[in-house]
């Protein structure tokens, strides 16, 4: 077999990417399996592999057929389904997420922002954080904003707030002008016409007049959840540390 | 002289554009002379021509040298100077603007939006409208918004509100969500980085969640003033008509 | 039940957004239900909820199946269907729109702009305005423009004109150069190649040489109708006020 | 001397680009020397070289100092100066342009479009065409359009019309909808805010509803003149040929 | 019936746009019916209307079902089918296009550019021009260019050349550098990645180093054909006039 | 004095924006005075006003003349100068920043990113945080990265890392893939050609493969500092609270 | 038959583009048949034509039906199938690729980049090069990079490395900073939100801080393979030449 | 001294970035000092440091004052000046570049591309390559291309060709279609209007129809030189190796 033949053979034998089981350990952020571009069989296999490797598998953008397969296979044991973002979590018994004490608030400007916000919520929860998600707070009618903000700040005492908004993307700036915790802007691809795939929302957040706001990319609920979780857990760690020291 | 020679001669003899003296009459909107790209002598000549033709000349973006020349020549008679937008108005005696009864409110998000907002204010005033301009209302600190809005709506009973904003461009959406008069969004080229030449502000306004908002181009204070003046004067005309009928 | 469990439960129990029944009262602009991304059952439920809450439900982008369901359920009582924009209105008996006396003209450059223009027309009508819509006025052949403009200005005495145009977006500038009422430019996503999703039309309108023109986003017929309705109703209010005073 | 040394030497000895004296002969379009980025001395040398090589040198964007130098050196013999576009032409005696009979009309929407339009006019003239340039025809006030169009079509019987416009770029579409000769759209960088460097004008022309319009790049007066000259000269050639055949 | 009711009724009774039968007479350019967004029945009706009104109907982007219907209905009398651009022409007997003597050459860079180029060819033919279309001339391998160019220039003596190209859009510049007739660049949406929807091709043509090139929008074969036809017919008219004078 | 006259007067009497002295108290983020667009006199006045109102004034982008004036006036008492970002701080005696215990690390990819990074550092310091800034860590030569990262994580135990990078913007992704604290990407306008004003860096950060990274706008050092300071102070507050409880 | 009739006939008789059998000979790069837009029958015919003309046919983006047809027809003789990029190669017996000795390394940042990378690999192999492709090297976790780089440089001694990456596009810069062979950046359309169709990756590579990196367009695996193959074969030619001289 | 004071002190004591003396050794590509944004004194110091550290300093974009200072200080010993790109090289005696035998050809489309092309040439030369640079080859007049291409391929037997082009960027595609060595496209910021800062040229090169072309960013002459030098030296190494083996 010539060197060239070996190379050719080699090309068709490239192994599938090995899952990075250790990311949660190394980074504190769990890996999410994007299920929509993989077939049902392959997605089931990867999910099983993660379940075995880490005790948990999180699948997002789950198609109907896969949802049924997951439900049938794991429905009796540890299966959770989040409808808005089409996320499924399967979990080995005895591997419940350990609460960290981190506290995250999430607001959405409209109901269309809910799926992306839910992604962020799930990531934070799987990182052990308490999450409060309030939907449809709007900017066209600011009277709807005061009650949930008070809830998040005074009652839930959140460490960070994610604000998801499409269209004009104005809500994160408005919120960031009012609160003294870090705010993560999560632009969504809700809109129409010029700037309507989330660009207007993203740019408006990048141009915010209100200091204390950083952003992630359009529809990147996972990314917003990851950094919010890290921020909350950093504060929680300090709280736990001091509690433990006593 | 050959046809071609005549053509060549013709090319160097093109007359300067004749000013459209009749626009105010036809459209109800006065013409503004952009003074920054014309030399002092030529600008003085055009101003004199308008003064003679229509009783008034409005010059915007006036350079220092021209401002001095205008002040010297017309300072004693009918010269007005607006510093923020560098606008000068000269006026023949007995040609004061006749108040129409139209009522226009103007808000700016920050102090940097003032020059453009002042342009809009001047156009509205020269169309005979009452104008209330409130600066630096901000979106990062909405507490500053309530008082001026109450003033405009309850006390001044404005027919239309222009909201000038750069950066995140969020203020017009916030205002439009709260009031029941038409709102004209006036994006300004205040900002930095991506979208910082006013694109973010413009797009955010175009994507507004709050119905009842239309926009003009970035820094187009004249255009915002023109449409707001037309809106206010349409309502004022109805008020005057009925008053006259009695 | 631990705090984290409660949070998780909470995530799946977020209530649907409550409809803002009071917007028409607060803003004078009715809410439109975008029906294309909701299932038939859910859309029917929301429609019924609005019908009960406000006496009227307006649904746009209605799919075939939903149109049939609405027609079957409400066809006998108060059902209206607008084919071009696929808009349905259902109405409780005795809740006909009260005419305000506001007067709105709408022009389209081509037949493809009709669906978006119809959206604007419906919003204005539901705000109580008289609406005249003239289709296919074109800019390539200005001879077609004079007759409808004369109709709108001299006969209908409209308070404001919406001009819908895609492609080169030239018609609103041409109209605004000729009339003395405010003009709302409504760019549509009709076109091809560079700038063909409405960007060329939008930008051309933003760059208009003719003062008195403001714009809404591409295909935003609802937004154009809302501001035009507010403008017309402001003038109409003055007319009614004076009439009532006598 | 090593090969590498020779290469290095070679790098500093690259000859200046040889002027393409034969382009006019090959293409029928004269070469224009862009003078603004060359020093006075070098520009004078290149001009002299063209004068000797082809009997003519055309310099555009001529700085003050160079204008003075050219005027001093050639003012007595064959020097022409076009102020708007800062173009200078020097000509050897006995080398006047031979009229071809081609006929070109040029319209500008506003006075700011004049410098670019003049460039186009000069190129056409130097290609032997008769040129009629009418300035400031506007789109905001179409009443100004009829007279010059009638002049160009009925009296001058032009073979092609160049229409220069910035801002909304609407005029070329309007003209192309009315005439039956080819129209060349010449967008100019006149404008402000979004699309204000000529992009809106260019895109609007590309999206024209009126067939029979092609465009050149923003501010490319030379390019517009070149193709218009070729179009007119093609028709003129046919006219001459038939005249000659008799 | 109240005024408002009349308005509502009016909204659903807007007549379909009347076809502009007179455009060919006025402009010399025939109207093309875009058939893909109209249903078969409506397209058949419009085609019949044009056939009756002008003796000819040209339909582009014809779907399969409509093609069959047209073929069945008109196949025996005057039906022509152009497969690449899916264009159908139906023609009343005795209404063949009268040759004008205009001469148009069309080159495509690749086979994928053929459908758009065919559109241009059909428009030119229906304007009475002789058309020579040469496909797949390429820029990656210029040896393929000489033969067709020689054919077009020396044998066919074309008045104008349309060059259709996607991807790098280099061919029109190369051709325009070699010929002395006007060239119309026709960018096509052939490509991939950045600039791959025709923007790279369009921009490259706008930036051409070779004078004598103007462009139309991406995939605008009809527009390219219209202006090329006007150019060629202008020259042909001169040739005919002189022939007729003798 | 007529209403209109009053309005006009009003227009020239708009007060300067009142400084928001309370922002630091409300948000925990100090206000920064952008000094480059204000004259020396006005900037000195605003600085004095802040000094009196809050005990401190921070001026960024300070021109030479203002720097000299500040140094002369406050040099003896409490004047600090940061050369890279041209930032000046003046401070009333007895108003030193109280350390919070928050800990922030800052890395720059290249030396050109230093001015923007220094802005971020100053904001964090003025919020009471400890700051470690390491310059010129590079991505083209990752061997330079390990040492500073170890310093930040193991020795300084920072709560958050700001990574400033222009050009390819790759460093924040690389860092975020390696650490378990939140990372704030700070794109800078360092670069050339396409994407060279910071767009490439910003987009690359928005597209990061490494979860745990959020971004601020190009060159927005103040914004990066503000959110990093809030994150670090949230953790520090927890540490202090627990320390205080004991 | 009139000239016009001949032209019309001519239009429907344009021959299919003749395949450029000689490209491999002339350029050293084989032609790839894009199969997805051609029907099965036509693709089979073209493949057969190439097989006869050059002894080999390479088809990419092969649809299922065509894959089956190719497999049935050529499966017994010389059929190869590459699943990730859906590429098929058929080969006449005795026409195996002659190894050149060129050596190419290919890295991908993630598994989604594999199909495009495989295209590049196939082109290099068909140009006679040895190819080593290593998948999923990542930038978020650089520890995965060292081993494959060592393999490529020390063991395989590659002449050039192709690095395929989507999203942040950071890997090629990182690699180019570490190696001393030329690197070809191959951006892929993997991503989301702003810049997510490969623009962020492309721009980041264009802005690389690490000298020695050039790029091809997004998803242009064939182009990356072609230039890498040329580079490697140039070096290989020198190695062979010297070997042959002995 | 408190921790915070130390941090503050630390901020003003950040050392200048240490030059990466070892890059040439590690990468085979020399570092270039961008001199235009550094003051004369600092640039002289850095140059001296490089001269001492590596025996050579290369400074690009050298301002007049610095050029004089360098010439005065090093003019007698080892000073070279390249006028077009304003590049200076100073060299310690006995440190002449060792020829590698690598062979690079460089073509420019126009004279304006020369400065960028010269940068590339200098980098290649300093990497030890033989360089042949031919200016002003043009695409508008391909007859000028054959002679230099023949020289490069047949006589100089170059390993790689850099093609610098602005405007339409067509030349690299044309060249790549004709030669069998790798081609590096170097777009320059020469142009006007849409796409005129090099974007059109860059995109056209990215969209090339001709395989075997990769590109660097706009005006990145250094980057083009670096990869071309690496390619040529890879081939040269093989030639030397074989020569040495004998």
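In order of appearance the chains are A, B, C, D, E, F, G and H, and numbering begins at 1 in each one.
Basically, contacts are C-beta pairs under 8 Å (C-beta built on N, C-alpha and C of every residue); 3 or more make two chains touch, one makes a residue touch a chain.
What you see is a predicted model; the values in this text were computed from it and never measured.
Student: Going only through chains that touch each other, what is the minimum step count from chain D to chain F?
Tutor: 2
Student: More than half overlap in residue numbers between the two sides of the chain E-chain G interface, or less? Answer same or different.
Tutor: Mostly different residues: under half of the interface numbers shared.
Student: For the identical-sequence pair chain A and chain F, what's the CA-based rotation angle in degrees, nearest 5?
Tutor: 180
Student: Rounded to the nearest whole Å, what is the centre-to-centre distance of chain A and chain E, using the mean of the C-alpha atoms as each centre?
Tutor: Taking the average C-alpha coordinate of chain A and of chain E, the gap between them is 51 Å.
Student: Round to the nearest whole Å and give the separation of the Cα centres of chain B and chain G.
Tutor: Roughly 58 Å separates the two chain centres.
Student: Between chain F and chain G, tell me the centre distance in angstrom, where each centre is the average of that chain's C-alpha atoms.
Tutor: Chain centres of chain F and chain G, defined by C-alpha means, are spaced 46 Å apart.
Student: Just how far, in Å, is the C-alpha centre of chain G from the one of chain D?
Tutor: Distance between chain centres, rounded to whole Å: 45 Å.
Student: Mind pulling the residue numbers of chain A that touch at least two other chains?
Tutor: Those would be 26, 110, 141, 192-196, 199, 202, 206-208, 211, 217, 220.
Student: So which chains actually touch one another? I want all the pairs, not just one.
Tutor: According to the stated criterion, the contacting chain pairs are A-B, A-C, A-F, A-G, B-C, B-D, B-F, C-D, C-E, D-E, D-H, E-G, E-H, F-G, F-H, G-H.
Student: Can you name the residues of chain B that touch chain F in the complex?
Tutor: 80, 82-83, 97, 99, 110-112, 114, 118, 121-122, 125, 128, 130-133, 135-136, 141, 192-194, 196
Student: Give the list of chain F residues in touch with chain G in this complex.
Tutor: 109-110, 138-142, 166-170, 173-174, 176-178, 191-196, 199-201, 203-211
Student: Looking at the complex, which residues from chain D come into contact with chain H?
Tutor: 2-4, 7-8, 10-12, 14-18, 20, 23, 26, 187, 189, 198-199, 202, 217-220
Student: Show which residues of chain A lie in contact with chain F when the two form their complex.
Tutor: Its residues touching chain F are 26-29, 159-160, 179-184, 202, 206-208, 211-217, 220, 222-224, 226-227, 230-231, 234-239, 241-243, 245-246.
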